[in-house]
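First the structure, which I've put down as structure tokens, then a few questions once you've had a look.
Chains: A, B, C and D, in written order; residue numbering restarts at 1 for each.
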């Protein structure tokens, strides 16, 4: 398939087409990004890289980081991880906290905030320096040693993060957070603050597409079966309460972040990263979703 | 791939292995089935058919029928269908009715009961005899003219169906049911009462795997893109609040019924039907899920 | 206390003062009432009657009827009644149906619709002709034999009553409705359709204020202790999710109806009925609540 | 009425009668109290004091303190207070936090934990030393200068108070908490930790019964109308999700605490305090509720 041509065609077509959504502005650091940025990178399992637009500019990957936090914890704890977090989509966001109460502090899946906080808690219990290890993994997988946390963003998120503080306190009351709340929040906000380019993001997701090789990086390993399970979770739960819509329109496992990034994979084919800061009311990049919908329509190749 | 050997091996292995779950007994007609029945059929896109166990005995397909009701309505109404029903998983069952209230009578997806009732309402509005057409489709796709409704089951379900009556009245109060309640319920319970064998069931699901051909049957047509969207919905929403678990463990689009049947497809490979009447507490066939999990593990081939 | 002067002063003062709210229009029969009607009647335990405005015009008492349905059932079944319906306020209306689901079909109290439906179910089980008995009681207590059901209103409500149909089906699914749904709904809508004047309404509530005598009418009896318990329920639960507001602003046990009527009592003092068809967004007569608030402020005499 | 004889008779009768419930044990300081303690005090508006049992032993008044926090804030802010907290009962506890989310961070009433936290926030904004003022009020009203906070209890509650931390963070995210969370929690836990005897408790509630005099203490004043409104709130919301039951069985405005204390008032008659540490599953003193039910049954004198 001539991905180079396809990517560039869709990029040109979509670029002028879809100005909906607005930049996340709940913290000043996210609000000041240029809303018209638009970058795309696709990496095939054969090593081909196609880039378009602002693919070399770093942005805050936010919730996309949760995929790697989960990968680390899954590698360390194995199937036991599912005793503390579920694998079901969460349904609509309006009932997130009552669901947590109803289900005794066990989050529905590792990609909603409560679930990712439990994952961070697991990492703190099991590793001596998960923050450094996380950075090591994304640096190694992307081949870029300059990738780093943006501590100003992390700090600012924490200062405004009353909903997350509510969630973690609720879980603590049910005994599903072991470590001190402050320490868990610190790790959580740090990993969400990592800044990467589309190219770097596409590269670090390649292991989820490249099923011929097991995931092995920085002392963490995942079997083919485990990778497939993470892919399944991305498909079911990767886009908040728009996960069904993404599966329906795009048909690829993926994960979005409130900074406007989306990473997705097509098994045995490619990984792809898109960045456009205007997000829709569900918190997903409007242009990014459009781009990916066009990609799988054009190639007639989703997982379904 | 030697599906014949694989299917028979797994069948033998799993048969004695997993006696959990109990037969649905909320109506007498379902309760009297032999709990130890276990049948499997797999049909490849190349026409090969593999059968094992009680694959020639008919059972009540129940909610599996919703896939064909949706296919008919999607064919007739196109994208407009999504104005009346969503494409998102419903989250846990405990809040199904409050969600319906919160979302003003629009069901989350076409595979939960409220969504299937809306689909039936659409069919009644748009077709002169949807009940006969439904039967025509499953007969034609399976090649078996003796397939029929079990009106005793339909009647009995309706007599005990107070929860469904609550749901449809709630939707009617929001204007999302157009036709008289009695008529919609009659269609709904009829199509759920259809009885089929595993072989027949595997055959009628083949069009969802065989993406080289568009779905065309009995005057209803679906494009490749529409088939893929229905597959995506099966993956996200096909197993009640165990959909995430099924995606996670099995990794195939599918649909289960409370009668103990499960149908699933692997795109461009095969369709498969399993029947074992003991269902787990989420309403899905326990042995059926186990069998399919083993199948994709053994073949190392899910959609992820 | 010179209630005559007080009532007339407040009537004049309030009459021009408070034009908020709108007439209930979900059925044509209720919508066509003159929104500017305003009547008041107060009856003291010493037999004094004070009337003002449109106090001799009959209107649909609607939910106010629930107090007498409860009285009948309480008389017949005694404390056993509380096995099937609770005595707690329901909280905000948004979660009424999920609460019913969460609490296995047992309504929170006898004054929300679900609770009144259970009360009607009890009456049908225990009495041969509760519909005639209900009418007998309100006729005898008011001294007016012309009081009657408005069957056109009852019929119309039933035809539009999808939410109530949802509630009763939900309860039936939990086994808390014994009789056929149609029969229970018929009794429910009939008693809600009774039409009375303010004077008649004030008279029939006098037994709840006149604690020197036990309630005894038409073969039904309530002890002083039982009357007090019904008064407590009126205070806690008589005004939907504005019950706290009414207790807070007015401080009397009472019951409102969507037709714009309110009946209230001051123990050992008086009963009072107000009618003004414009209802606020909580379903209570806006002018009626204002009048009663002024009454207890002026007399400095609430139950608190 | 010979309250002395009545109180002592009921005390003797009830003492051996009702061993249900268990001592609150979520913090060690509360768990170590003798579960068989049982004290009663009643103070009439004429100054008579009747005491029985362990009426001179101090215990943790816990949520009973919320009545005085509310009184202070109501005095300072007047009707504006209701912009930040409601006057409606909360319904069942299971949905407390979703209700807070649904209603944008505005608690249903000042006696549930979230509401009392908002009240504390108001006091911190408006007063320079609300903690000292609170203590001044309860000391002055009781005539006992030795009443004090138990800071060990306060500290321990805070260390285990993850649910309250969840609630206050949720409200902060909606902007309904102005001051730093730590400071609000510190005030909240302090006032809940005050220790008093039944006699002292009955005395400080006398102003809510003695409606001939306005409440005036330590620079805070409440009009007769404001006192009546607080009484209405106690009746509607004073006993968590057993408020309806207490209104129904006892028929007096009152407030309970998890330490096993209950204070209640009969307007123009008396205030009464009961203490028995065994609490029922709703968090209210089992023996205390029994005692008060017997009191209003025996005297045939509730507010209804």
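Here is the rule we go by: a residue touches a chain if its C-beta (ideal position, glycine included) is under 8 Å from a C-beta of that chain, and two chains touch if they have at least 3 such contacts.
All values derive from a computational prediction rather than experimental measurement.
Graph distance from chain A to chain C, where chains that touch are one step apart, equals 2.
By the document's definition of touch, chain A and chain D have no common neighbour. Of all chains, the one whose mean C-alpha position sits at the greatest distance from that of chain D is B. Measuring from the averaged C-alpha position of chain A to that of chain B gives a distance of 32 Å.
The distance from the centre of chain B to the centre of chain C, each centre being the mean of the chain's C-alpha atoms, comes to 48 Å. With centres taken as mean Cα positions, chain D sits 55 Å from chain B. Residue positions of chain A with contacts to 2 or more other chains are 94-95, 98, 102. By the contact rule set out at the top, the touching chain pairs are A-B, A-D, B-C, C-D.
Interface residues of chain C, counted against chain D in their complex, comprise 86-92, 94-95, 98-99, 102-103, 108-109, 224-225, 227-229, 231-233, 235-237, 241-245, 247-248, 251, 253, 267, 297, 300, 302-304.
Contact residues on chain B toward chain C in their complex (touch as defined above): 94-95, 97-98, 101-102, 162-163, 165-167, 169-170, 172-173.
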